[in-house]
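Heads up, there are several structures right after this.
Each of the two complexes below includes subunit A, the first together with subunit B, the second together with subunit C.
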Partner chain A sequence: MHHFYIDEYSELKSPLHRFDPRVKIITFFSFILFVIFTSPHSYFTFLLYGCVLCALIGLSRIPWRFVLVHSLVIIPFVLMVAVFIPFLKKGQIAGAYSFGSINLTITYDGIAVFWNILVKSYLSIVCVILMMASTKFTHFLRALENMRIPNIFTMILSFMYRYVFVIADELMEMRQAKEARSIGGTKWFHTKVLANMLGVLFIRAYEKGESVYLAMCARGFQGAIKTIDRLKISGFDIMFSCIIFAVLISIKIFAG
Partner chain B sequence: MHIPDGFLSTNTWVATWVFSAGGLGFCIKKTKEILKDKMVPLMGVMSAFIFAAQMLNFPVIGGTSGHLLGGVLAAALLGPWAGAIVIACVLAVQCLIFQDGGLTALGANIFNMSIIGTIGGYFVYRLIAKAVGGDKGVMAGVAIAAWLSVVIASSACAIELALSGTSPLQVALPAMAGVHALIGIGEAIISCLVIGFVIKARPDLVYNYEEE
Partner chain C sequence: MPKKIIEINNLDYSYPDGTKALSGINLDVLEGESIGIIGPNGAGKTSLLLHLNGILDGKGSVKVCGLQVEDKNLPFIRGKVGLVFQDPDSQLFMPTVFDDVAFGPMNMDMPKNKVLSAVEKALGEVDMLKAKEKIAHHLSFGEKKRVSIATVLSMNPEILALDEPTSNLDPKHRKNLIEFIKKAKLTKIIATHDLDLVLKVCSRVVILDKGNLVAQGASCDILSNKTLLEAHELELPLSLPENL
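This part shows the complex of A and B:
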């Protein structure tokens, strides 16, 4: 079956991939904070942040297309929520249009708010894409665990990572089987079949969860997963992180 | 409905992160009491199930399609606390892997869909199931609670956006609630049919079902 990939480009060789996941998480999370705490009118600052991100993408060797395609996820939300903002804020009027009986006025305040959320959400999303695409998901979870995120979450997420493909595979097979056989029929019929498929999938998944648990018990599971793979922060990690922070802080100081 | 970064003011995203973290901590405590060390593998596989179920698109009125949120479905099958954890894990993965929702806004997204949508939805479902009684009550309860959870979660999202000064409440609230009132119909139908199937096939897997 054809699948989406969770960490398709995590095996590339680049400084960003070598970066220790813990330091990487802290660095990129700070990057997002830098972005969202920038005043909406400092256009030049946003441009510089964008340049830093472009440089990092170039450095990471992750295909530009991949970053671009993934960053378009915010579009539906922007369309639904943000696109009306320029018309709704009160303030100095930038332009007025009338379409028949509908009068639309665009205000400068509205445009400022729109620009603010658009640029911030876009830069932040590119940060997250870069962070996740250059890290193996298992390493990412290990890093979270070391950063004192309750290990119940990291363990659940690691199980989810292991089983999501298995279960998605079963669902796709069921759907393929259904599409191959059921032709015609009302919409209600198809909805019902779809729901029954999900019911079957739930029961199978639940039984799988139980048998996985029993298999783990048989192998000595006592509520915690122990691994021998250790993360190590090297001089390179500290240096790389310092460079990014130095760039961010100097952008903050000199461009405002 | 997944809020990206930059849409929320600092007060809002920090406050919702704190609420969500506290709520999930409570859920973990409750779930651990019930499932003990079976919790991790079972919750992991269940999160994968909800995630896969969300990939299945179904037609909504007017040629558009929606997908399942699964909050009330998860709560009805697994109980409110485990359901909330499952939905929170799904939201975290959607944020990290598919960038559906921002990192700073993850707290707000978990608050809307997992804390309000799932736990709140569960209590609505129980209330209706008790009032009507029998299998019909369970199915009606799931359907109404599923619809309500989608609408309430999207309204909470609109309120958070308004509190952040991103979009005025009198516009965001009707727009979000209106669109999701339509999406919620699909959610209600699918959730209700799935629970109906599981009641017939494996009633022992439905949370608290034997007590009726």
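This part shows the complex of A and C:
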């Protein structure tokens, strides 16, 4: 069954793909911090950060379209959170609109906050996409384990990654079975059927969870998943990380 | 005379809702033996297998390698009984094939280098070494079945307990799996509907029906007894030689 994978470009060969996932997580997380701690009016700095990210995308050979399409995911969330800020923030008025009895005013400060949220969240999401798309999810999990992230979180992520497609297959098969027997019926009837399907899916997922747990016990599971650490940090990782940090620090010093 | 590796005495088990799954089962398995457990759906085959390493805990006595199956012996027994579930999506739960095959040895607290060599060896035995870094969802059903077996082989078990090993397999993968099971030098207990598999692999057959052990004997005797098989909703294996 074909599914969209979060790490579908993780098999490419590039310096970014070779980068040890632990060093990569730290480097990209720091990148996000650099972006967050930039003053909202340092437009040139944001541009430079954007250029660094573009260079990294080019280096990673991940298709531009993939990054662009996935980065748009953040826009609705940002809009939902931030779209009212220009109207609510007090300060020098940039424009006023009147719709009958409703008067809306936009302030310069409000626009600055909105821009700040938009540009920082966008650069951050591109950072995250670049990090995730260039790392095999399994390596990412191993890196998290290695970085002492509590076992329970890595276990949840690991099971989610393993079973989300199994459940998606189940749902698709159920839908096909339903379609194969669907002749007519009202919209309300189909909505009810969908609710039943979700119920069945929940029960199946629950039962699958039970049998997975039994299979784990059968192989000696005693409450904690133990994995072998097979990651190695090389000179290349340190060098690559240092270059990125050097660029980020230079931008911070010279562009503000 | 080979020693008894599994001794089951008077085993009873009911599901939490009260349905009787097993009643009064007595069965001894000798070291190195291959036993087929056959019977209609709901006969209790899987329940019986789940008792072998303490997943289910019924009334009566189950001994594996001379040890009673009880909480304090479970870590040892689970290393001795390699139980492979019917659904490979249950058996393979780790992100990569490597992690899955290493899961058992890691739980047995093997040192790292031994885990690595056990994983290599187990995957080599089922001819899946090339899939080491793959994620289970990317494997075909036949490959998943083979990796499922590797996940217990890496624990170096003495007993291989397989639940419906050939279900949903295409003829080629089924044939490969049968060859593999034949070659494996372990005590084998196979719960299945595939009577041809039993005929090829097992020396002894046990028939379960409605939780009761209704017949046991040499494979060729039981599997050629049409009346007995049909009485328990089974049929003669297609590959049965005419002269039997």
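FYI, the second predicted complex is superposed on the first by the 228 of 256 C-alpha atoms of A that agree within 3 Å, B and C clash if a C-alpha of one lies under 4 Å from a C-alpha of the other, contacts with A are read in each partner's own complex, and residues count from 1 in each chain.
By definition in this document, contacts are C-beta pairs under 8 Å (C-beta built on N, C-alpha and C of every residue); 3 or more make two chains touch, one makes a residue touch a chain.
Just so we're clear, the structure is a prediction, and the values are computed from it rather than from any experiment.
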Name the contact category of A:Leu198: first (subunit B only), second (subunit C only), both, or neither. first
So, does A:Arg162 touch the first partner subunit B, the second partner subunit C, both, or neither? both
Determine, for the superposed model, which of the two partners subunit B and subunit C contacts more residues of subunit A. B
Return first, second, both or neither, reflecting whether A:Ala218 touches subunit B, subunit C, both chains, or no partner chain. second
Looking at A:Lys120 after the superposition, I want to know if it touches subunit B, subunit C, both of them or none. Which is it: first, second, both, neither? first
Scan A:Met80 for contacts with subunit B and subunit C and give back first, second, both or neither. first
I'd like to know which partner A:Gly58 touches here: subunit B for first, subunit C for second, both or neither. neither
Between subunit B (first) and subunit C (second), which, if any, makes contact with A:Lys208: first, second, both or neither? both
Taking the superposition on A as described, I'd like to know which of subunit B and subunit C A:Gly185 touches: first, second, both or neither. neither
Once the two structures are superposed, pull the subunit A residues common to the subunit B and subunit C interfaces. 137, 158-159, 161-163, 166, 208, 212, 216, 221-222
Could you pull out which subunit A residues touch subunit C in their complex? 3, 137-138, 141, 158-159, 161-163, 165-166, 208, 211-212, 214-222, 225-228
Can you check the complex and tell me which residues of subunit C touch subunit A? 50, 53, 55, 75, 78-79, 81, 83, 85, 87, 89-96, 99, 102-104, 106-108, 112, 115-116, 133, 135-137, 151-152, 155
Contacts from subunit A onto subunit B in the complex sit at residues 6, 29, 32-33, 35-37, 70-71, 73-74, 77-78, 80-82, 84-85, 88-89, 113, 116-121, 123-125, 128-129, 132, 137, 140, 150, 152-153, 155-164, 166-168, 170-171, 175, 187, 191-192, 194-203, 205-206, 208-210, 212-213, 216, 221-223
Note which residues of subunit B are touching subunit A in the complex, please. 1-7, 10, 25, 28, 32, 36-49, 51-53, 55-56, 58-59, 68, 77, 85, 89-90, 92-93, 95-100, 102-104, 161, 165-168, 171-172, 175-176, 179, 189-190, 193-194, 196-198, 201-202, 205
